[in-house]
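Quick one: the structure is below, questions incoming.
Should a chain be cited, it is by its letter among A, B, C and D, assigned in written order, with residues numbered from 1 in that chain.
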Amino acid sequence: MLVTTHLFTPGPTHMPEAVRRAIDVPLQDHRAPDFHKLVLPLQEDLKKIFRTESGEILLFAGSGTSGWDASLANCLSPGDKVLTASYGHFSDLWIAMCKQHKLEVEVIEGAWGEAAPIAEYAKRLAADTNHEIKAVLVCHNETATGVTSDVAALRAAMDKVNHSALLMVDGVSSIGALEFRMDDWGVDLAVCGSQKGFMMPTGLCILGVSQKALKASEVAENPRGFFDFKGLLNQYKGGYFPYTPATTLLHGLAQSCLMILEEGLDNVHARQFRLAEGVRRAVQAWGLELCSRRPEVHSDTVTAILVPEGFDSNDVLKTAYNDYNLSLAAGLSKVAGKVFRIGHMGAVDELMLLGALATTEMVLNDVGINVTLGSGVVAAQKYYRESKQAEPQKAVA
Amino acid sequence: MLVTTHLFTPGPTHMPEAVRRAIDVPLQDHRAPDFHKLVLPLQEDLKKIFRTESGEILLFAGSGTSGWDASLANCLSPGDKVLTASYGHFSDLWIAMCKQHKLEVEVIEGAWGEAAPIAEYAKRLAADTNHEIKAVLVCHNETATGVTSDVAALRAAMDKVNHSALLMVDGVSSIGALEFRMDDWGVDLAVCGSQKGFMMPTGLCILGVSQKALKASEVAENPRGFFDFKGLLNQYKGGYFPYTPATTLLHGLAQSCLMILEEGLDNVHARQFRLAEGVRRAVQAWGLELCSRRPEVHSDTVTAILVPEGFDSNDVLKTAYNDYNLSLAAGLSKVAGKVFRIGHMGAVDELMLLGALATTEMVLNDVGINVTLGSGVVAAQKYYRESKQAEPQKAVA
Amino acid sequence: MLVTTHLFTPGPTHMPEAVRRAIDVPLQDHRAPDFHKLVLPLQEDLKKIFRTESGEILLFAGSGTSGWDASLANCLSPGDKVLTASYGHFSDLWIAMCKQHKLEVEVIEGAWGEAAPIAEYAKRLAADTNHEIKAVLVCHNETATGVTSDVAALRAAMDKVNHSALLMVDGVSSIGALEFRMDDWGVDLAVCGSQKGFMMPTGLCILGVSQKALKASEVAENPRGFFDFKGLLNQYKGGYFPYTPATTLLHGLAQSCLMILEEGLDNVHARQFRLAEGVRRAVQAWGLELCSRRPEVHSDTVTAILVPEGFDSNDVLKTAYNDYNLSLAAGLSKVAGKVFRIGHMGAVDELMLLGALATTEMVLNDVGINVTLGSGVVAAQKYYRESKQAEPQKAVA
Amino acid sequence: MLVTTHLFTPGPTHMPEAVRRAIDVPLQDHRAPDFHKLVLPLQEDLKKIFRTESGEILLFAGSGTSGWDASLANCLSPGDKVLTASYGHFSDLWIAMCKQHKLEVEVIEGAWGEAAPIAEYAKRLAADTNHEIKAVLVCHNETATGVTSDVAALRAAMDKVNHSALLMVDGVSSIGALEFRMDDWGVDLAVCGSQKGFMMPTGLCILGVSQKALKASEVAENPRGFFDFKGLLNQYKGGYFPYTPATTLLHGLAQSCLMILEEGLDNVHARQFRLAEGVRRAVQAWGLELCSRRPEVHSDTVTAILVPEGFDSNDVLKTAYNDYNLSLAAGLSKVAGKVFRIGHMGAVDELMLLGALATTEMVLNDVGINVTLGSGVVAAQKYYRESKQAEPQKAVA
């Protein structure tokens, strides 16, 4: 293949070169005398990115999905009641995993394209005076619909009624890219993977665990298997693992953390907003609708776009992939065929997004969705120019 | 660091250059129209290496330890009885995981340095006329002691009494390197990881699952979380994954399988024997004892060496690592401080092993274990020369 | 740096991933018994790409500039007369090197933006009845102005008067990408480097040498130093080098040749035309002028664009580089400040060019050149869609 | 290939991993506004390694052989007299290049295995009262025989008679690894390549040029072609190149310099001595002779070993390569068939050398040279242990 397919899925994302090279290392002994020199600083950097001082960040060979498993398995017991909401593919998958773990799942029916229904959560929490709910689950950034939910508000709702449940948050496609404040928001379990905001290959499950969650894990009765917190922590606190960790990916993650922290979390979030906003302006110019229903909930890591009635979004995907070397993301489950998605996390910039938007315009026309060629590009160009001029000037070499 | 530390642990092992380069690729969409072109042939190649035609080879982001979890979680129910034996660190860890999964574990007490006590297994199986035992577990190659067990004999013992239990085998440090015959031996669950015989970085759990095990998984009641077979298989049979797989590692594994199959499994096993035998001759020449008690059970992927009474094998490890850039493997749990190990899997050859043996001789003397310098090297040299001359001649360019 | 600067210079170009990985290999002995297995097939592949059967393709550690040196040094003697033309930065540099080699240089004054003035060459050749001209030099693709010249016509002019001079062609930015026919065009010395059509890093001088040129080199009297043909050929014909070659780059070049030949030279040329034509349509839509004056001579590997009077093209370059992560190429010598260039060789496709064009539009506006945002993008989109539809359909997976 | 052939040639050498990764970067524009940020610090680091403050270090795409060419071409004129000595393959090749450049070469006949005959140089210089000799050439480290010459003594001989000639030194296999003091020794042209002491792939010619040599280049009349100092220096002093440089290799060289300077030049030299001395002890234990005749002149970067009468060293090479995956270096020209060589530059340590020595013992026996297996290994082990104990202790982690 002459040109590598251009990847605009919401994870995996484009790796920065420095991350890619950090991973491309010979193998090493994870029980070597100096191995902790890799692991302990990495733990500290991850804490900064999760914005937690009191919690622990655990690492497993796995993925974001593993993280859901690990959270439920370690901190809950069969029959425990959890409160959650259904408003997208990934929130639903988490619900399915709860059921698999034999939890009693109270599901708030939300809407695809809407954020987590915090008011309804609040109502249910208030009604739960006996604190039968042991954990409250929420998907921070629903990757399927491109919607970001208000975790701080959910915490406020819990605090208002002094609810004792654990707060478990799927931050798979948010942490590292979008604002996430584990301590401020009182998140007890923050689930992440390596292949989204951390701009890495898939292969690591990254888990933020509060002290409260650690305590819960001591009494919970679900079998945890591989993901057992206690089994890990004993050695992990000293910078080691009780089993073979994915060392090459740990090196990449260390590099990724370094880059994120050097840029500064606030700058990363601002960059994510800016890149995403350009894409949204393009979609608006095309006359198409976002899956996300309100500006307040638009995700800055992924944009889900509805194709007009009568069209199949899979045609968009296939044409993009086969004819233009462009990898867009599919609509999933309820919105399969209705939505295509553009990811804008990782090592991506304006030029790449403009190329992707221009190509998408061609693709849309090819499948019969007659957007005006160039219309989205121009909208994005204008926004990118304006917003760049608002930035502090860089010195010209 | 000028020279990368020389790795002689029994996994991770040295990656072949071609495997390393196969992993160093840009990221891609695992839902792309042609992604199955990577996954389906990989499944077929893995079947050849596991020597199964009827089973499935499943892949998860994870490690060998994940594989134990996956096996127990998918195919058993709480309270199920399993029969297993304790004769090393890894067999013991698996026992611990059984307990965590709330299984009733019948443990045959074996000896560290001995293989799985097949006769005792046979006795217990024969006594279990009601087939209360639902699974028989065995560690094929106990990495902690350098001992290989006779899985075929265990299967024969099961067959002799027509026992219906599942046969679950930890093949983490054997499959891909040592003879392993999933179908011939009637293995129902064969557990492997990427970082041993497959000469890869850690990060993949590779699982051989028989049709019988798949059926068992349909009725078993343990929660499986991330490792759910059914959830995977639906898409996996078409070459896709229901969640993000570790794509870069899949590329590496494909390359690794290619290399193993090109060399031929029998040739791989013969090479492993030859390399290992050289190391064993060296140990004998040193006047040291192997942890493995009998030639019949010596492992060809790892050699565990006992330090004489009064010495701490950790001193060997530290001196090797800090003074000579050599990464040997530690003794684990019961043999911590008593054993050091030399791994000889992966991209390793005579020259590398001779360098490691020569260095180990220096290290041993440095810590006060007075082996004769050169004695082990000479024993290995002699063996390697003799055994090479017995090989068919390669044409000289 | 989060995103690697987007490279749109006319060499170095984007490397295909497979080429990049082919280079990233451990070092090896260039006198090893099997080294010829790398070199001999590479020689054959290069002959196919140069389209020569009778000539030799020589490889030196060096660059395109080295190739000029090598050609003049090996085949000419001090005081020899050469006929050439001045019509761009690179043709001029070659003239300067002729003078340095103490050749008598007859220079036809051409125009920047025009191709080599073949008619004038013809006139001079016809007048040279004593064949005092020992070599005729021409720059096939003048990278500075984006102009391709008609080598076949120059050969015809030589043949018409049965001129005995050597025909030396600078094919640095053409060979591998544009049509080049060494045998058909009777080229005696074809000069190329690795970093343009061969999509490689700089570091190799690639030289096509006819039998006639080899014979000339036997009597020529210029010192050749490192570039001595005879010194090389003795071992080179057997697949070896008399000194250490750049082995890692040889591996990359082998991969590059493989890809070019798999695609097919005609397909490569067609792709180059198509990509370039999209860029030209964009420039036209912007209302800007090309440096190249006539469609017949437009280069398909690089497009040189004139900024309007009163603007400095260096501002375009700096703004693109510093504000938009886009690396365009500068105007050189006579057109410094007047021209900026977009390279479109190597691993580049429509999406990338559309991204570069969209970004260039922003840059132009930023520096005060008010092209309509989106205008060039739309022109390119339209052309790319139309021309794609004219292609044979690819099957959709 | 499972295991990469073990490389023990005296250049190319083993690359450190960090160097290899530094090279594996995307391509970039060498005229970009910030390109000088790579080149200028690199120039400074190279000056430290060449130990010059007043000279310039020039970089060309090329190799060590290019460096000879560049030196002669820039600083001398046809007919100029140069004084040099013949005592090995590489000193002879340089003589041949002098002749090619039409210099008048006064050759002192030295002996292969001996160093440059300084006394004879002194005599000739003293006799040259008219300073007809324009340049004195010496090969610092004759890679073919494993002999290091005394450049400081040659400078002293020149100074004694106030000789005005330029001092040109082939430091290809010494600079970066062996003690080399450009300013202290009054070296006017120091020739090096990337693939020896700099632990890099071949592809860069690295040249130390004194101010006196630069002045000489202004009046010298040899054509320089590609290697013209003046043409380079204009832009190079600002951190740029007048033509496309080998950017990926520049990145590698920057990393290499960083590592050398971090280790410290004196430490590098001490390490080279120690590694080499182990090899020499092994050769002595084998009862074989070095090509180098006296301990005072033994090279610390390469050891050339004579095979006994009646044996062909090429058999050693072939057997090592074909049967044991070991790449030793051949004897060249006068000592072809008589000598094999072990390189010990670059990313090499005791373990690797012990492996190579042990393997060489097997190879020697295989071809009928009956050295005692293990004898060389033991000698090296003993030396490495003793000399390590003499080092300051490293803290154990």
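As a convention for this text, contacts are C-beta pairs under 8 Å (C-beta built on N, C-alpha and C of every residue); 3 or more make two chains touch, one makes a residue touch a chain.
Given the structure is predicted, the values throughout are model-derived calculations rather than measurements.
K.L.:
Determine, using the mean of C-alpha atoms as each chain's centre, which chain is farthest from chain D.
P.N.:
It is A whose centre lies farthest from that of chain D.
K.L.:
Any idea whether B-D or A-B has more C-beta pairs in contact?
P.N.:
Most contacts of the two pairs: A-B.
K.L.:
With chain centres taken as the means of their Cα atoms, state the distance from chain A to chain B in Å.
P.N.:
34
K.L.:
Taking each chain's centre as the mean position of its Cα atoms, how many Å separate chain B from chain C?
P.N.:
Taking the average C-alpha coordinate of chain B and of chain C, the gap between them is 53 Å.
K.L.:
Per the centroid of Cα atoms for each chain, what is the distance between chain B and chain D, given in Å?
P.N.:
Chain centres of chain B and chain D, defined by C-alpha means, are spaced 45 Å apart.
K.L.:
So which bits of chain A are touching at least two other chains?
P.N.:
4, 14, 17, 24, 26, 33-34, 318, 322, 396-397
K.L.:
Which stretch or stretches of chain B touch chain C in the complex?
P.N.:
17, 21, 24-26, 33-34, 396-397
K.L.:
What residues on chain A touch chain C, complex-wise?
P.N.:
Result: residues 1-4, 6, 14, 16-18, 259, 263, 318-319, 322-326, 347-356, 358-359, 361-362, 365-366, 373-375, 377-378, 380-382, 384-385, 388, 394, 396-397 of chain A touch chain C.
K.L.:
Sort out for me which residues of chain B touch chain A in the complex.
P.N.:
Those in contact with chain A are residues 4-5, 7, 9, 11-15, 20, 23-24, 26-34, 60-66, 68-70, 72-73, 93, 97, 100-102, 193, 195, 201-203, 205, 222-228, 243-249, 317-318, 321-322, 327, 329-330.
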